[in-house]
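Following this line, the structures themselves.
Both of the next two complexes hold chain A, though its partner changes from chain B to chain C.
Coming up: the complex of A and B.
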C-alpha cells in the first residue's frame, strides 16, 4: 500500500472463462519495473479479466495502465486470430 | 553420448516441428522447422546435423528514416502490430493445420536484447502456448545464432565469431558451455556501423551496414587507408573511440573544414578523402581487429574452422578477410551463411529451442519466461553437445 495513492480497476470481458484465465496467466509473470511506485494484480472472475492497479500518483498510473492495455491488446488479437487457426 | 531422442515427437509422428519467435531488436521473425526423428541421434554428438527442414521463415524489419535509430518503445509497437499477422503467415506457409496437434514446441527469445520488444513477443508466445497447449522453451539469442550456423554449414566444432548490431563476441565450445574468448568492451560492431550510417544520413533500408558496404566498394583510394585508431585490447575490442573519431572526420568533410589535415591538402585545399573512402577504411580497420582476435582464439583452442554468425556476418568483405586469414593458417576454412540465416530470424530460435526441447528442457512455470535484457552466451548449459 502506498501513502498517497491512485486506484483503478479494469474489467475486460472475454468470450469464455478459459480465455480470461489465459489472459491472467499470460500477464502475471512479468515483474513491475518500479514496485515501489506501481502495483498491479490480475485475476479472472468468470469470463472477465479483472485488473487492479495501485499507484503513487495519477501520472504513474496512466503510464502503467496504458502499458497493460497494450499487452492485453496483443493477447486478444492472438486469441482472435490463432485460437481456431 | 548425447541422446537427442529423449522426448519422442508428439502423436507418434516420425518428426518434430518447432515454431520460433524472435524479436530482440528491430527484426520480428517467425519460423517453422522440422527435424526428422532419426535412430542415430540416440547416441552420438550430432546436434550440428539434425537434417533440419525449413517450413517457413518470415521476417519483418522495423526500418527508421535516414539519420534515426530504432528506439525500444517504437520497436515494441512495431512488433505488437505485426506479431500475430506474421505468426499466421508462417503457419500458413508451413501448412500447419492444427497447431495444437502439429507443433511440438514453441520457442521464443528470452534475451539478450531490448526489453520492450522482447516483452511484446513473449506475450504472444505465452498466449499461443496456453491456447494450443504446446510447451514453451526460452532461447538465448546468441545460442540461436550459433546453432543455426552449425546446422546450415555442418561445422562440427568451429570458433564462432558472432557479430551483430548488439553483440560482438568470439566464442568457442568447451565442456557444455559456449565460452566467450573475446568481446567488445563498449559498443557492438554493428552498432558502430549503424551509427556511422546515421551520421552519413544514408538509408536504413535494407540495413545500414549493407549500405556502408556498398559505399565502401566504390572507394577509389583503396591503396591508402585513412588512419583510424586500432583498439584491440588483449582478446577484447573497443569501438566507441573509433566511432567518435570517424564521426568527426565525416562531419568535417560535410562542413568543408579545410583545417582538417586528414581530409584536405593543406597547400592546395584539395579534398583528399571521400565518404566512400571513410566507409572503406572504417570497415577494413574494424574487420582487421575482428580477424586478429578470431585468429588468436583459433590458436588457443587449436581449431582451423571459423563460423561467422550475426547480421554483420553477411558482409562479404568480412567473409573475404576471414577467408584470407584462414587460408594462411593450415587448411583453415570459413563458414558463413546468407542473409536468410545471418540476420535475426525465427528459424534460428526454433533450431536452438528444438534442441533444448529434445533434451527435455522445457518451461514448467510461466515465471521462467520473463525476458532478460542481459543474458550472456555462457550462462546457457549446452546439454545437447558432448
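Coming up: the complex of A and C.
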C-alpha cells in the first residue's frame, strides 16, 4: 500500500485560466513510472495550475517534483513563444 | 500579479512554505543552480545543449520581460529552493539510517 509520508502543493499563477487549463491537460497524460512510490495530481483553479505530490520519502519527492517543474517550465516557454500565432 | 508558491508537509519534519521574492536575483533568471549538468561535466568540455532559453522581452520595446518569462524565472528559483531543501532532508534521513545501522551493529 502507498505510504503517504510527504506532501507538497505547488501553485503556479498563469496569465489566463485558459493557459492554466492547457497546462493541466498537457501534464495529465504523463505516465507515472513508480505509482507505488510517487503520485501527482494536476488541476486548474481559475488562472492557477495546482499540483499536488505524494511520495514515500524525500528522495523520491525531490526527483519527481524537479522533473514535473521542468515540464511545467517547458509548457510555459512554449505558450510564451506561440501564443501570438 | 500573484506569485508561484509551494507547501511541503511531512510527518517527520512538519510544514514549510516556499515563496518567491521577485527582487532577489535567483528569481530573475532561467538558469537554475540545481538543474542542468554539473560544473565538473561542463569543465570537462561538455556543451549544455539543453540550456534554458533566455527570458523573452515584450515586443513594445519597453525592455521588460513577458509575464510568462517572468513566471518561468520565478519558478526556476522556487525549484532551486525546493531542491536544496529536499536534498538537506535526504541527507538527514541518510544520517539517521546510518546511525540506526551502526547501533544495530553494536547491539
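Basically, the second predicted complex is superposed on the first by the 82 of 85 C-alpha atoms of A that agree within 3 Å, B and C clash if a C-alpha of one lies under 4 Å from a C-alpha of the other, contacts with A are read in each partner's own complex, and residues count from 1 in each chain.
We take it that a contact is a pair of C-beta atoms (placed from the backbone, for glycine too) under 8 Å apart; a residue touches a chain by one contact, two chains touch by 3 or more.
Since the structure is predicted, the reported quantities are computational estimates derived from the model, not experimental observations.
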item: Touching partner for A:70 - first (chain B), second (chain C), both, neither; value: both
item: Partner chain in contact with A:79 - chain B first, chain C second, else both or neither; value: both
item: First, second, both or neither for A:56, with chain B first and chain C second; value: neither
item: Chain B versus chain C as contact partner of A:15, first or second or both or neither; value: second
item: Which partner reaches more residues of chain A (counting touched residues only), chain B or chain C; value: C
item: Touched partner set for A:30, first chain B, second chain C, both or neither; value: first
item: On chain A, positions contacted by chain B and by chain C; value: 70, 73, 77, 79, 81, 83
item: List of chain A residues in touch with chain C within their complex; value: 5-15, 19, 48, 57-59, 61-62, 65-66, 69-70, 72-73, 76-77, 79-81, 83
item: Touching residues (chain side chain B, partner chain A) in the complex; value: 77, 80, 83-85, 87-88, 91, 96, 98-99, 119-120, 123-124, 126-128, 130-132, 366-367, 369-370
item: Chain A to chain B touching residues, read off their complex; value: 22-23, 25-31, 70-71, 73-75, 77-79, 81-83, 85
item: Touching residues (chain side chain C, partner chain A) in the complex; value: 1-12, 30, 34-35, 52-53, 56, 66-69, 71-72, 75-76, 78-79, 82-83, 86-87, 89-90, 93
